[in-house]
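Right, I'll just put the structure down here and ask away after.
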């Protein structure tokens, strides 16, 4: 390929990405500080914090963010506790049809978290008597996230040579010691990636909590956001923009924290 | 130092693949024993069975006087050096070397001292606080050795430990490893697919194919009298000449002439494969009984490998530098009759 | 690890997966053919098709499935047409911060398709004057799916050795010839995977069409499903179960078709 | 057949890495030319620059009389065999071989005939309808060669084409490749990191390090008179002995004695590195001026490599089989003074 062609393709691609993402993102940064935000992104003059003052007059705002955090914590915990051992086993044991099994899982997961299985899911949670409880939402979300998480974690575990555990075993380590001393420290960045990814997905999930929860006080932020949108027909852009920004901050903080702590280094083995 | 006694070990994998087929092998005290074979021959499975990483389907395994057949790897008192070294990337060199001692609940200070000692004996002193990712391939290999030494095992198990080094380092590491094993006088089992490594390192060696041992002996014995065509073709840095012919009165007759034989019990008229290493074939003037034209000459450094066309067959000879012919030259070929080997053409086994 | 421990871990994992997926799936297979389906999965005696008859009395049912197909077609097409060249360029050109860029894209995509950016997204589509149009929904969904698609396709393209294109170029092939003759045939299974994955996600997406479409006749099946659920307070299990099954069939057909046609073979280069 | 003329080619990568530093090189008509060096030395970049896959930052490149500096790869009339062969997995062997002709708009029937011809000359007749994934490594390599031959190029470019084959096949393919190039009489440029491959195949060769050519010459010239310590250390299947010492009246003095030198222009008292290949070091009885104890012996097949400790230095010698000493034996060492080389200790260059 001539570098010229490459450069043109790349510029086209970059502009496309820009068109899709830059405008909404700019709006998200500017509108919350605008006295009267409009539909276009414009630098507010002068910037104001009054939108946030009005927002916090609604007690549901902080409570919904707290609910979201609770759900995220529960789902991330459940996904890591169940997904990590499952991924390890899938990575280390070969059985016939393993790959088919993994792809089935992956496709199923998008069905579950999408609307397709929402009725059976509702029935399942209803049968477990967990409607209108955080446990029910946590279980449903974790069930939806697990297949893809297991798939990605298995990929991470695959990059750890078996010789790591085997050498530990030859030295006399028990299964548990080998996992704790050798496998876990190496797979930790993978767990961090999954944690962030799961958190982002749960944070943004509207459908599952909307269907499975009844009490408005239990609504997570994604559901509250939707209620702002429809309330009174005409969207209140001042509240919506301020809440949108507030809603985005925890995800950014989490991403920056995990990136700094674990660096998302994808070293599986030793590079040569 | 105990040896290793393998009695009719069989290993079948799920799905019915037989990786080891009723193997018997006896490795002596303090011996450097090489397992040589192409990939898939079962050599690594055998090593892993000795380590306890693969349970044997049947058969028994003794290390010294102890029956270790059913013991887990950690109780066999062996140390294994893996092909990829299996250094833990999140531990320093010191922690890596001390890890086996930590497992054995040696106190921190003592295990650090032992790690320093083992590391020092392999000139790793300056690297003890580095992580494996910051080391060169050769340094990583020495860390893996130091970790094995720190265990003070009864048997060292080496799984192609030189195969990740580049050619130059591999030669240096080879000499170093041989000297180290000689100094420690610990029994070592060494798996490799590289015949030159096995020849150079081993006191004795076994050549494996398809889960079976095809020949056991000293490197010199395997080099000079390979028991079958498989071993003949596998050993030697230049391939052995193997020419199909018929035993006659004056030697082995083939399309290009008659190949000389010292003495043989093979009956006249038998179909045989005549084997002779290029090192034992000389070149002379075109007046010899065997003569042909030179097809290829390859520089081996201080020697040349010359391929001569004899009728439909080709024969290779190594000649000292300065004596190599030109391509197209007509030359005589003089195989050393005393070095010639005859193999049964059907069975591929050496005829005495 | 002892094989015993492996086996126990595996059994535990398998049962867990079973608990999450089997019950809803069984219900989905049995309930539609039950005269009076309940919340538990039971073999219907005798099986009946009357639920489907009632379902088709509603003209919206078939229309919504048609709408869903239309959206799936548009989004899959757009994702492949934009994503494949982008993935190729990202795979072949190294620029500083490329990996960071890719991970940012991936996280952004889950934000976009989740509820987080739904307001900015609404504003963007509103600004483009595409509210209540399939084009708007298609653009929004494609924008959300593209980052992850590009990421996965880039991974596929990475597995094609550069030497394939380079050898074609040395033989005198143009950039276009090298792509058409060498790269495309090898990356085709990857495109098939992305197509199925995108189709499943779009098929199940409820939020985006619900927000961006106004006319009920334009509703895709996922939105109609939701209206069944809330209609009249008490869910009509007969209609819901039959529609759920109908709704699942196209996805299964697509999966089977693509799997048979392209086999999801993940040969990047030649295995050695 | 045209040669290749490289004039002050420089290649800088984005980020300021200089891969090639103003190289001059002239490859003659019909020559088999090897580029040898460790990984990262720029040899592959040079080959890719000749192919046109990497545009040169400055300098000019001629193939025969044609200036191809600015031409795209397809117009240079070269054929390249890649390390991974670059066979297209979705095409049959026939389609793979015919693909370059398809690009050149040769009619289907004619290109199929040419593919059959090229495939047949490499004994691929029975495999023409298979796909690359169904072939062994050696067969894949021959398909890649057939595809290159079918192009009828002015120059063959080989990028380590043997490195994916196992040891035994590599030796066979090496002889085959050399004969093929000789028969076709097409100029060939061959990149490798394996010195034995370069020695065996090349008419002439260049040794590269860090983007520069350190020496150009025939394999024999580079083997016998490496121009600097880098080339000395890189060439030879056993490492050259390199011993630091001081030039004296009777030879080079070092901690373990005096090493003999034939004649030298190096001034007395100069710090030098004494280089001699193990092939040119003999062993004798312990009565020699140079004597030490044997540390390691390694079986090379028909020879042994013996490492002898001389004071703090070690010297290696190759001796014929049957003459090898035991470890610990005291032996005399007799380097061949005519084969000894002296290098400037500071610069590392050969002293005439």
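Things worth noting here:
Going in written order, the chains are labelled A, B, C and D, and every chain counts its residues from 1.
Basically, a residue touches a chain if its C-beta (ideal position, glycine included) is under 8 Å from a C-beta of that chain, and two chains touch if they have at least 3 such contacts.
Please read all numbers here as calculations on a predicted model, not as lab measurements.
Work out the mean CA point of chain C and of chain D, and you get 53 Å between them.
Between chain A and chain C, the centres computed from C-alpha atoms are 18 Å apart. Chain centres here are Cα means. That of chain B falls 25 Å from that of chain D. Annotation for chain A: residues touching 2 or more other chains are 2, 169. In chain D, the residues that reach two or more other chains under the touch definition are 72. Interchain contacts close the chains into one ring where each touches exactly two others, per the touch definition above. Contacting chain pairs in the structure are A-B, A-C, B-D, C-D. Residues of chain A touching chain C in their complex: 1-2, 5-6, 9-10, 13, 16-17, 20-21, 23-25, 27-28, 39-40, 82, 85-86, 88-90, 92-93, 103, 105-108, 110-124, 126-127, 143, 146, 165, 169, 175, 178, 196-197, 200-201, 203-207, 211, 222-223, 225-226, 229, 235, 240-241, 244, 247-248, 251, 255, 264. Of all residues in chain D, only 38-39, 166-168, 171-172, 174-175, 178-179, 182, 193-196, 199-201, 219-220, 223, 233-239, 277, 279-280, 295-296, 298-302, 305, 307, 321, 327 touch chain B in the complex they form.
Those residues of chain C whose C-beta lies close enough to touch chain D in the complex are 161, 163-164, 166-174, 177, 181-182, 185-186, 267, 269-272.
Against chain A, the residues of chain B that register as touching in their complex are 51-53, 72-76, 78-80, 82-90, 99-100, 103-104, 132-133, 137, 140, 151, 157, 164.
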